[in-house]
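Got some structures for you, see below.
Next come two complexes built around subunit A: one with subunit B, the other with subunit C.
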Partner chain A sequence: MEKYRVLPGPEAFLPPAAACAGVVLPDPGQGHIHGEIVPEDAAMEEAAKRFLSAKVPTIFPGPLVLWGWNENAEQKATAIKALYDVLKSHNNGALLIPMPDYRPKYPKIDPEIEINPNHPNLTIWHNKIDVCMFVGVHCHQANMSLKIIRGGTSCYTIAMCAQAGHEDAMITFRDATPEKIMKLVDAVKRLKDSGASNDVRGTA
Partner chain B sequence: MDKEKIKINPEFYDIMPVEYQELVENATYGKEDRGWKDVGSSKELIEEHSLCAGCPESIAFRHILASLPNPEETVMVGSTGCTSLVFPHIALHNIHSLFGNQNAVASGLKRALAYRFPDKIKDVVVLAGDGATVDIGLDMTLQSWFRQEKFATICFDNELYANTGGQESGLMQKGFVGKMAPAGKQFEKVDMPGLAKTSGCHYVAMLTSSKPNRVEKVIRNAVLIAREIGPTYVQIYTPCILEIGKQMMEGLQEMRDSEGPGQRFEYQEFITDEAKAYMEAKHPKKKRKKKRVEEKKVD
Partner chain C sequence: MSSKSLIGTVNKKGQKIVDPEYLFNEAPRERFFMTGSEVVKEAIRRASVDISVSYPITPQSEAAALVGELWVEGYVGDYFRGENEFAVMSECAGASFGGARVFTTTSGPGTLRAYENFPMWVGSRLPIMINFMVRGVNSPLSIQPDTLEIGLVIDTGMLIWHAETAQEFYDYLLKGFLVAEEPDVHLPIAICIDGFFVSHTKDDVMITPIDMAIPPYDPYRSPVPCMDMEVPPVRMMRDPFVMKSNYISYATQASWQQETRAACERSRKHTVRLLGGLIEEDRSDAEILIVSSGTALAQGREAARILAKEGIRVGTVKIKTIRPFPTEEIRQATKNARLIFVPEFNVVGWMAREIKACIPDNHRVIAGPHVAGGMTLPPEVIVDEIKKVLAKNKEAIHG
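Presenting the complex of A and B:
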């Protein structure tokens, strides 16, 4: 059987959970790209490339970082804002759209100002987002949402996960700390300054 | 008691949807004298609800949330039913339990919170329908009272299983024909307040949600007494307008018609001597500031 790769969709109305298709989570110090385990630095470089070559690079901060419920969350917020600022300085179309909670909102969300895990595709379609990063979203909601995005959109997904990573994202990091997010900021800055960022669309 | 836990990180304040900005600025967390009168002038702890338009459960829910004495340190436990559609929209910690298990879940939760946070006051409040409380969860409900678990149980009594289309419940009136109970109820409505009293509840009240100040008083008593003395039970008539064939504006009148003298929802309140002494000592009645109305003198 051909190895399942976690790639941008639209894949199917109900794409499989990548874990059920044999994709495993990285160990500490690793990440994955399209389901393939790689050293974390390689995942950093790839994420930086994807962000810089995107038309609408977007960060989706979730409740774990939107709210200042402990010092770590506060520091992560600062790091995420730094990432957004560097993306915005490169591409004025960069977006920062919150996922403030997970409730099914009625009758529907305003896709201009938020993303909801139950229908993330609305926000992605509306804003024509082609690369996004989840950060601070609880595991179950992130997995579900990443799967829906893969199923119904062509958006490239990155997960900056504080736990063990996400099989359902195209690039995943694990054990996210404020320092790790800042490392990604540095990777983006380095690549941007090297001028290589305009023709860096990775191969899917 | 403050808003420490609901601080939006400043980096994200401007991108948060307005309902969250209002919540941290204008909700009544940390306010000692919260109550139903804050509804309309403060940000409510319920954002929106997905109940039928005009459903009395929705107004009862709003007044209950406005009346909780310590919302930031309160965990509500819900169960399957129409109420469970509202829980995702409230700005309060809550757990959805398997249908009927709510009082068992709340028992464990209350004990765990007491163990984990010995220096903090943590209130646990169950809110479930009559099917969950009196039928499928009756065992768990009564056992938690026998064991003197310290949390409040609120039952939204709409006298049937509304969420599944109108099956018969223990709290349905005798003779009532439900959409899914065509033979009509053969037995009397279960006397749940009576069972609560004999099972060890220290405070029991039965009411409708037609009078917000009464709802406020009862909820405050139930939560405060449960905090230190023992279990409490509140049964509120929240008629299912959909199942009894009423229009959305008719819920209030239905409640008024059912709470008069001799009616099945005539106001009942019971308090043990112990609970009464505790309330008088620790939570004396709020003295409302009386507004002096200057009478206009007419020459």
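Presenting the complex of A and C:
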């Protein structure tokens, strides 16, 4: 049987959860690209390329980094803002769309816009978002949305996870820290300054 | 404060919180002769459990009562008796939603009475541990060993491990918390034993030191936010405007269920690390295999020993985890087998169905022998079944 690859969709009416299709999460020091385990640095480079080649690169920060739970959350938020700033300096269309909690809109969701009623700000279709990164989103909520995005859109998804990572994203990082997010900022800056970002299509 | 940062500290009972790898692999162990119920007490004593809710039903009543003693002794944070099993499991959910490590036990009809809660625990990603000391569930009423109960919960979404011996039971109780609470898993876990055969008989058990405990649960690693009325799943349940009549609402529901199944799959990696694999093989290169779980496999192993004396080579494959089911492991272990016997303590043969569903050429699977309702399964019965099938095959070959 052909190995399942986690690729941009639209994939299916109801795509499988990647874990049930045989994709396993990376161990510490690793990431994955399209379901293949790779060294974390390789995933960093690929994420930077994807961000710089996007028309509408977007960061979706979730409640774990939007609220000042502790010093670590605040430091992560600062690092995420730095990532947004460098993306914005490269592409004025870059977006930072906060998802502060999981409350559905009342009295009803608008399925024309909202990818997942648990994330009313997850507006990939109408905002034409082609590359996005989840950070600070609770793992269960992130996996659900990442899978729905893969099922119904062509958006390229990246997950910066503080725990074990996400198979349902096309690129995943695990054990996210403020330093790791800053490392991604540096990777984006480096690639941007090298000029290679003008013709970046991603390698995987 | 994370659980790992507590390693090396001492809890209120003077137990040192130790690295689980050390506890399981290096810490000294002492031999005790004890029942399965007593095993529960000694494992939970070392498990940093915050709360346990109980309700009496045979054969788990003694275990539940012994956990109550742990509360009196100060090893368990809180303990009370629920109004019935449905209430117990709902109360366990409340405690787990609140960030507690929760342990409970039940059996047979208690399991069925509580049933609605199990998929609810799964969907809410509550890593509650429940011990099923399995028994009959049918009418006429039987309190005796019967594994139909496991077959009835296998698709709830819980992790389900089946211990064969008191020793495995002790280790599974401690290790189960660690797998269930991994943030990429974070599901309820059922540790099953065969009622009476394991709960009420005494066996040698190697026990870790009384002054060491596993790290407490860290609710801040949960993959879901703390529940309130505005946050799913409760908001989705209480607010039909949000959740009805459009594709994306239903897709969210489906995706939610898929994610819980994915979480079960993710437990494989952690389980293999702690249990040394999802199955245990002995001479699985033999043409005749006995594959099962729990004490049915113990009887199968004895049958294989009897047959070996007669020159018939039979291997065994013990299934440790019913969920996740060791599909690939069983395919590999049975690839050379000509006949696969699946002895079971239940009338429907659910384990044989599971195995048939996952291997090629499943006509090789002989669903039996079965017993039920508290009957024992003497090894001689398994031996006879194997010989009967072998004789038939010989007849077929030689006309």
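One rule holds for everything that comes next: the second predicted complex is superposed on the first by the 186 of 204 C-alpha atoms of A that agree within 3 Å, B and C clash if a C-alpha of one lies under 4 Å from a C-alpha of the other, contacts with A are read in each partner's own complex, and residues count from 1 in each chain.
The rule is simple: contacts are C-beta pairs under 8 Å (C-beta built on N, C-alpha and C of every residue); 3 or more make two chains touch, one makes a residue touch a chain.
Keep in mind the model is a prediction, meaning the values are calculated, not measured.
Asker: When the two structures are overlaid on chain A, which partner does A:T123 contact: first (subunit B), second (subunit C), both, or neither?
Answerer: A:T123: touches no partner chain.
Asker: So, does A:Q30 touch the first partner subunit B, the second partner subunit C, both, or neither?
Answerer: neither
Asker: Pick one for A:R103: touches subunit B only (first), subunit C only (second), both, or neither.
Answerer: both
Asker: Should A:T172 be classified as contacting the first partner (subunit B), the second (subunit C), both, or neither?
Answerer: Neither partner.
Asker: For subunit A, which side has the bigger count of touched residues, subunit B or subunit C?
Answerer: Greater contact footprint in residues on subunit A: C.
Asker: With the two structures laid over each other on chain A, which partner does A:N91 touch: subunit B (first), subunit C (second), both, or neither?
Answerer: neither
Asker: So, does A:S53 touch the first partner subunit B, the second partner subunit C, both, or neither?
Answerer: neither
Asker: Once the structures are superposed on A, label A:T157 by its partner contacts, choosing first (subunit B), second (subunit C), both or neither.
Answerer: A:T157 contacts neither subunit B nor subunit C.
Asker: Where does A:I115 make contact in the superposed view: on subunit B (first), on subunit C (second), on both, or on neither?
Answerer: second
Asker: Quick check on my understanding: which residues of subunit A belong to both its subunit B contact set and its subunit C contact set?
Answerer: Common interface on subunit A, subunit B vs subunit C: 102-106, 114.
Asker: For subunit A, which residues are in contact with subunit B within the complex?
Answerer: Contact set of subunit A toward subunit B: 61, 65-69, 73-74, 77-78, 80-81, 96-98, 100, 102-106, 110, 113-114.
Asker: For a test of understanding, state which residues of subunit A touch subunit C in their complex under the given definition.
Answerer: Checking each residue of subunit A against subunit C gives 14, 16-20, 24-25, 63, 101-109, 111, 114-118, 138-141, 143-145, 147-148, 151-152, 163-165, 167-168.
Asker: Quick check on the complex: what are the subunit B residues that touch subunit A?
Answerer: 5-12, 15-17, 20, 47-48, 50, 88-89
Asker: Over in the complex, which subunit C residues touch subunit A? Could you list them?
Answerer: Those residues of subunit C that touch subunit A are 125, 182-184, 186, 221-225, 230-232, 235-236, 239, 241-243, 246-249, 251-252, 254-256, 258-259, 261-263, 265-266, 269.
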